[in-house]
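Chain nomenclature is as follows: A, B and C, assigned in order of appearance, with residue numbering initiated at 1 for each chain independently.
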Amino acid sequence: MKVIAFLTDFGLSDAYVGQMKGVALRICPEAKLADITHGIPKYNVLWGAHILRISRRYFPKGTVFVGVVDPGVGSERKAVAIVGEEGNVYVGPDNGLLYPSAAEEGIKAVYELNPEKAGLPEIAHTFHGRDLFTPAAALIACGVNPASIGRRLSADDLVKLPKIPRKPKVMGEAVRARVVYVDGFGNIITDMGTSELRNYLGVKLGGIVQISFDGGRTWVSVKYGRTFSDVPEGSLVLYEGSHGLIEIAVNRGNAALALNPARDVLMKKAAKQLNR
Amino acid sequence: MKVIAFLTDFGLSDAYVGQMKGVALRICPEAKLADITHGIPKYNVLWGAHILRISRRYFPKGTVFVGVVDPGVGSERKAVAIVGEEGNVYVGPDNGLLYPSAAEEGIKAVYELNPEKAGLPEIAHTFHGRDLFTPAAALIACGVNPASIGRRLSADDLVKLPKIPRKPKVMGEAVRARVVYVDGFGNIITDMGTSELRNYLGVKLGGIVQISFDGGRTWVSVKYGRTFSDVPEGSLVLYEGSHGLIEIAVNRGNAALALNPARDVLMKKAAKQLNR
Amino acid sequence: MKVIAFLTDFGLSDAYVGQMKGVALRICPEAKLADITHGIPKYNVLWGAHILRISRRYFPKGTVFVGVVDPGVGSERKAVAIVGEEGNVYVGPDNGLLYPSAAEEGIKAVYELNPEKAGLPEIAHTFHGRDLFTPAAALIACGVNPASIGRRLSADDLVKLPKIPRKPKVMGEAVRARVVYVDGFGNIITDMGTSELRNYLGVKLGGIVQISFDGGRTWVSVKYGRTFSDVPEGSLVLYEGSHGLIEIAVNRGNAALALNPARDVLMKKAAKQLNR
């Protein structure tokens, strides 16, 4: 029994996800359907790729992942199925969404989907998720060889995008990172990993980091902790979150409401520590 | 193995949908549960009926559909199960929500549900979705004959509402349609079909349509394309969307934010084309 | 075949719920996964406990419930599995979230989860829902004895919180209750049960209640009905809702938008009735 796991930027208000699920059940009734999320910010292929990559490891081996963050739907961009070396398959647009996951697993084979073999009889120009990607994934989940519904490509031909985490930019004694996401709790997620924090700022667990969202005019001190409750209720904490990235939160509060974050965040080691 | 597919205006913040799923699993553990959507705008029976009708074809034959957009819950409106000629069953309130789907499939039989036979032992006056419609659907999914939990009605007795798409109103050289929905991408969906666009305005694919949301005071030119990427990033495009209706979008943007649509939209062929 | 049913305050925009589902399917592929809701207001353990308690009865016997409203994640609070006398199991933080459900069912045994036996190899300090509670629940759903992944506790050791419904505070001829939730329809849900309404105010079905959200300066008259359609469209109605609590709604409208409710609501019997 195979799992088909969906990741999109469709949200759940509309019937787009529901129709994809219907198609999957129609083509492969025995598949188990699961959602990674449908809340990827619209058109944000980069973040979708990161979430798919960090989420895939929690699913059973042999899962068929359908990823649809697809601003170029209906254009010339390819539709692909990538078979991984551990048995997972990644189906979606060739726009960089699937590549980091597949590359991390190891790429066994890449196929460009043939809409006539892999898709529904009618394919809407605006909805390949329903009419091409999901049918292809459901066929594969039910045992169809991807080679029979697409033509072989080289992994070199796949579109690649910059990967998260990224190196911060050094600016004097501070570094500049990017805010890549704010989650439903208001936790502010940066594109910086823990090793970057330690290497560039030299701050240890329990130390203090100063952060600025206005280019360095005002700074806020934040404790570098392990979890929310390492600081008092209502206080800021900086920690490695479950996305594998440095996050800023308020214990039992909403950091995004408290700080009104901009796209760039500057970080530096607090002076007190520097003087030690 | 049967699929039970849900469509409601309940949203997903509350536990209403979750409780319905529990009831379904309790009564018919082997059923597969699926969601069409729970994001139908509150009380909008007309749009719910359209979404159910265009979505049903993507589900396996023999699906039991539970539709709950039910502003009259607890009142005199009937609770019904409609058996379709292709083997699907539609369960919900008799308020026009189910009729277009059932009529399109062909109506084999209609039953008014008997709450004592079809419902839970206690039926909340405000939540027939959980206490009556879902139990009835789960019984039917597990093989119970609808005739044994309800009494036969004539299809003529069912409530019918106007159907989408609708004919636009001709107003000089323009036509007036209605905005029936704005989706999560900000795409503006009208109640006009493609044949109406072509017949009334005589615009061909690739042509230009002028649209107005303020009764004709200001007009915006929009290309009639096949998909978003038929226009440059940030530009407006008018196209037949996956709802089978004329939609207006911004390529990689949000048309509702750009245009602030009112309920009525006027459309006319661009002058340049008329002079050709 | 076991059901694992999830209740959290995670929302559905992020991938947190999706990763928990993946973990469950990986550990116990034959489990059926269901959602009660992920829309519990952030950190509101009290409301989460109420929703879990009123929802659990709709699920099949033997369901493993995973509850995660967990502001103290990563702190000293215990992780527990509570086995109920009817065969359900409740897994989550020991912060009062699970207790009302388990106590209502009857508590057979309580175990403090051993992260090394019950959790994933790596446990994020900020996400026990994915790395500890869900793995434990999936093991239990697949037949593992909770005693083998935790150590026995006494039910007396569990954290207990005040229970909903609560007694209103008598203030002259009025009573004061609390607004505990506003649902997706804008229905205003109080912490007062029907028996409290009848006992303290002496209002009968069909009678009129006066309510105030500003400490008694202004009052609005509301009919005490059974369901929305007991009042004309657009009118207020007070009724026992499906949460087992007194709610205030607008028939086919949004009471929260109409009334802008504060945290406290005063209620008194309308003068006309008192004079009868």
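Note that contacts are C-beta pairs under 8 Å (C-beta built on N, C-alpha and C of every residue); 3 or more make two chains touch, one makes a residue touch a chain.
The model shown is predicted, which means the values in this text are computed figures rather than measured ones.
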Same-residue or different-residue interface between chain A and chain C, half as cut-off: different
Rotational angle, Cα trace of chain B fitted to chain C, multiple of 5°: 120
Chain centre separation in whole Å, for chain C relative to chain A (CA means): 31
Sites on chain A at which at least two other chains make contact: 12
Residues of chain C defined as touching chain A within the complex: 10-19, 21-23, 25-26, 29, 33, 42-43, 71-75, 124-127, 130
Contact footprint of chain A on chain B as seen in their complex: 1, 3, 5, 7, 12, 32, 34-39, 51, 54-55, 58-60, 63, 183-185, 226-230, 239, 241-242, 251-252, 254
